[in-house]
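One chain, chain A, links the two complexes that follow: it is found with chain B in the first and with chain C in the second.
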Partner chain A sequence: MTYAVVAIGFTLIYRVLTAVNFAHGEVYTIGAFTILIGATTLNLPLWSIVPLVVLAGALTGYGIELAGFRLFRRFTDEASLKSRAVREATLLSSLALGIVIREILDLIYKGDWQSLPETYQLSTSLDLGGIYISSGEAVIAVVSIVMLIALQLLLHRTSIGLAIRAVSSNMIGAQFSGININRVVIAVFVIGSVLGAVAGMVVSLAYGAIQSYMGLTVVIKAFVAMVIGGLTSLPGAAIAAVMIGVAESVAGIFLPSAWTEMVAYMLLIVFLIFLPNGLFGRRR
Partner chain B sequence: MRNAPSIIVRLGVPLALLVVVPAVLALLDSAYFGRIAQLILITVILTASLNLLMGTAGLLALDTVLFYGLGAYTAAILSVNYGTSFLADMAIAITLAGLVGLLLGFALVRLVSIFFAVATMALAISFHTIALNWDGLTRGAMGYRGIPPIRIAGYEIDGWFGMYLVTAIACLIALFAVHRLTHSFYGNALRAVREDEETARSMGLSTRGLRTEVYVVHGIIIAGAGVLYAHTNQYVGPDNFVLLESVLVLTGVVVGGIGSLPGAVLGGVIMVVLPELLRDIGNLRLLVFGVMLFFSILFLRRGLLSEVWALAWFRRAAANSPWARRRAK
Partner chain C sequence: MSILTIEGLEVRLGQRLILKDVSLEVPEGGLVTILGRNGVGKTTLLRTVSGLYRPSGGRIVFDGRDIGGLDVDKLVRAGIAHAPEGRQLFGEMSVLENLRAGGLSLSGAEFARRLDEVMALFPHIAERRGQLAGSLSGGEQQMLCIGRALMAAPRLLLLDEPSLGLAPIVVKTIFALLSTIRARGVAVVLVEQNAKLALDTAEYAYVLDQGKVVLEGPAGELISDEQVVSAYLGET
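This part shows the complex of A and B:
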């Protein structure tokens, strides 16, 4: 389920800009570290850290947009917006930003696994009619579903949602209808990154372990989910992300746990080659 | 002096690598500098061949470590377990890399830019997972120690000086191959495919065929570099082949100038020399590279030696070279 929340933010950004944001995994890491800092050095209660996580996610998203993407959107004509050079430049710049964020966190925390204090961890076990799950996993599931529904409402019921959909379907056309593109793109990055940071938060609450490299594999899995979900479909990406999670745990039954990492990558390559439109994508 | 560029390229580079640098190294007589020189040459092979794929053919790839590791592990496994010689390892690694490259290239070249990049990234991470976990073949996290030094025709090349010479010769062969592929009609065809696939196809170029070919060639050259690395380093472990190493090679290409062979060589040199100069800051190494990659994309979009400059230079060199004139007579 956690992949789903990260994948939604990632797909949202891809859908609007057709650009891959490799720094998205670091937003997830920052969400987790905000909890850690709030819990260990500041000793805040949990309810007061949550807005901090949202704020940290929003700020990081805004920063990534300014540094990694805005600078490369210098020209607004159609050809340069769609050009391969711009897309690859943003891919590399977000990759570089991701490395910078990750290494800074790595320097501060020496690359070790940090653990949250017991009191903050959600690890009590719940009984759902014979099925036992930990409260952290239940929180992950609930938060994922709530955020998905909230995002759908935002996209389809509010004016900023309308603007986002307009920009994602035709950036030039949206500009001609008087939509401020930069504001919409900032909104997209802020929304996507808040989702990512919250995902990082709930995961660290559920499992209690935080490390500076935790975002790296998650962002690739988000990408895999996006491809399987058909590139532009947010519910598709979410469903695909859940499928990847299930596939990994099923593979965990047959394979040693170290090999389950491979499942997502193999799925990615198989889907890119044989089903490039994904499961829920429209044929273009 | 009109044909100066041609003489510099055809005689100057081999002369520098085989005479001047060894002379300086012999004067310094330090194993440390000898090792650095080898590492520079191996990295130059990596950046040059990645540049062929990423610059000239326009396929942004992050799977350098896949072929590099394939070459290195092949050499390690064969020479430690079966006692094969350097040249045999090289031949087997190159064949293997060619086959893997053909298989992957056939599947991957149909992908568009960023999807190709992410698919190759997934391959690079998968390779690390395999190297780390397939204990029976790769000895897991321990890696292979005690890989025998280079031995050619029963003659053992043990010291750093001999190893440097072997690396230099291999690097020259690789650079010559990449040079001939980049600065020729073949290179022009690749650039045409890069710039506009539909136009290239309408002019009768097999776009997928060309891409597959160049992917295989880049894989073979990088696997050769991997064999050199295994035999000169005498240790191979999974940590040498993480995704970030790919990103480092890619940074070298970007800093040097995407599509420019002299730029790639310069980038390869920078990628080894800079961390050695910055040895004191230790952990900051990757941070510096991240910042460097970011700013070179932002401010040095064409790199230190741009592709346009390099192509014009080589074109002038080719037109003025004594070889071209003799042909014209």
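This part shows the complex of A and C:
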């Protein structure tokens, strides 16, 4: 479920821009660190940290769009908006931004695992008719489902959602319809990054451990989940992410833990060979 | 009184000089056509008027205001709508959603009124409001494209190759609608490959060659000048 909650925001950004935002992992990390700082340095109660996490996510998303993506979107015709050059440039610029954020956090916290005070952790054990899960894991599951539903409602029931889908479908057509592309892209980054930061928050509440590199493996898994899910399908990415998570924990029973890292990529290879369009991908 | 005046327009795309010195005028509620062979800059001209490209020289005056360099979304709000070449519809969205996207800048009440108007203009499209835009026939897509442009309540409609790839009967229907659109006070700039059709429909015509206006005149005079037609417009 951890991967699902990250994959949703990541896939939203890809769906609209056809650009991979590798800095998304650091948005997740920033969400986690916001909780840490709020809990340890500022001693705030949990309910008051949540809006701070949302704010941190929104600001980081806006910053990533300005620094990593806007600069490469200078021209407005179709030749340049979705061109390979732009896609590759933003892939690298977002990767670079991610590294910068990661290393700054690393400098401050020396790469050590920080632990969240016990009172903040959601680790009560819940009994679901014989199956025990921790309250934190339940929260992650609920949050990802709520995110998915909220996002679908936003995309299909509101005018900003209509504008987002229009931009995602045809940028030229969207411009001629009077839609301000930059404003829509900012909205997408802000929404996607708020989701990413909230993901970082709930995961750290569930497991209590926070580190500057925590976003890196997760964003790569989110990327794999997005590809398996069909690149542009939000539910597809979430389902694929759950699949990866389950496959990894099942593999953990049989294989040494160092090998479980391989499972996601094995799944990816299997999908690329036998189902290259992914679970819900459109044929292209 | 002209709704659109272009003076000495120059447009560069990258290193290439696409439009060198284009001047033209569109009277309020008029229908002006721009003709010329492939690649002479007709589409570039329309895209510059609608704000997608920035001019590197000259002036574009719309409704008494210099609009060179304004962004597309502002110009749509100001009253310039563009039904682009290739239609550029939102294929995986429904017909109704395409129209709604075209009218996003309107208030609720105005939007509803506008939608009724466009639906009345294109009853064909109205019947298919729930269908995906990508599943429509070419003619229906072209109508939807014009409908989407009209949703923004424009005073100037830029039409780029509306007849492209359509059967003659469908083209006839679409061109017949142009007079209805003009009757509502919307001026039209028409870019067409089919010169005869364009000259039959328009009042005034400009012929573009290598980024310049090489010829202009009332459409009726140009069409009777056989030499001109064959020299700049080919066999059509």
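In this text, the second predicted complex is superposed on the first by the 281 of 284 C-alpha atoms of A that agree within 3 Å, B and C clash if a C-alpha of one lies under 4 Å from a C-alpha of the other, contacts with A are read in each partner's own complex, and residues count from 1 in each chain.
Here is the rule we use: a residue touches a chain if its C-beta (ideal position, glycine included) is under 8 Å from a C-beta of that chain, and two chains touch if they have at least 3 such contacts.
In this text, all values refer to a predicted model and were calculated from it rather than measured experimentally.
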item	value
A:Ile99 touches, of chain B and chain C: first, second, both or neither?	first
First, second, both or neither for A:Arg87, with chain B first and chain C second	first
Partner contacting more residues of chain A (chain B vs chain C)	B
First (chain B), second (chain C), both or neither touched by A:Leu46	neither
Contacts of A:Ser159 with chain B and chain C, given as first, second, both or neither	second
Which of chain B and chain C A:Ile273 touches, first, second, both or neither	first
Interface residues, chain A side, partner chain B - complex	19-20, 67-68, 71-72, 84, 87-89, 91-93, 95-100, 103-104, 106-107, 216-217, 220, 223-224, 227, 256, 258-259, 261-262, 264-266, 268-269, 272-273, 276
In the complex with chain C, residue positions of chain A that touch it	76-77, 159, 162-163, 165-166, 169-170, 172-181
Contacting residues of chain C [partner chain A, same complex]	47, 50, 52-53, 71-73, 76-77, 81-84, 87-93, 97, 100-102, 104-105, 148-149, 151-152
Chain A-facing residues of chain B, complex	58, 60, 107-108, 110-111, 113-115, 117-119, 121-123, 125-126, 129-130, 132-133, 243-244, 247, 250, 254, 283-284, 286-287, 289-291, 293-294, 297-298, 301
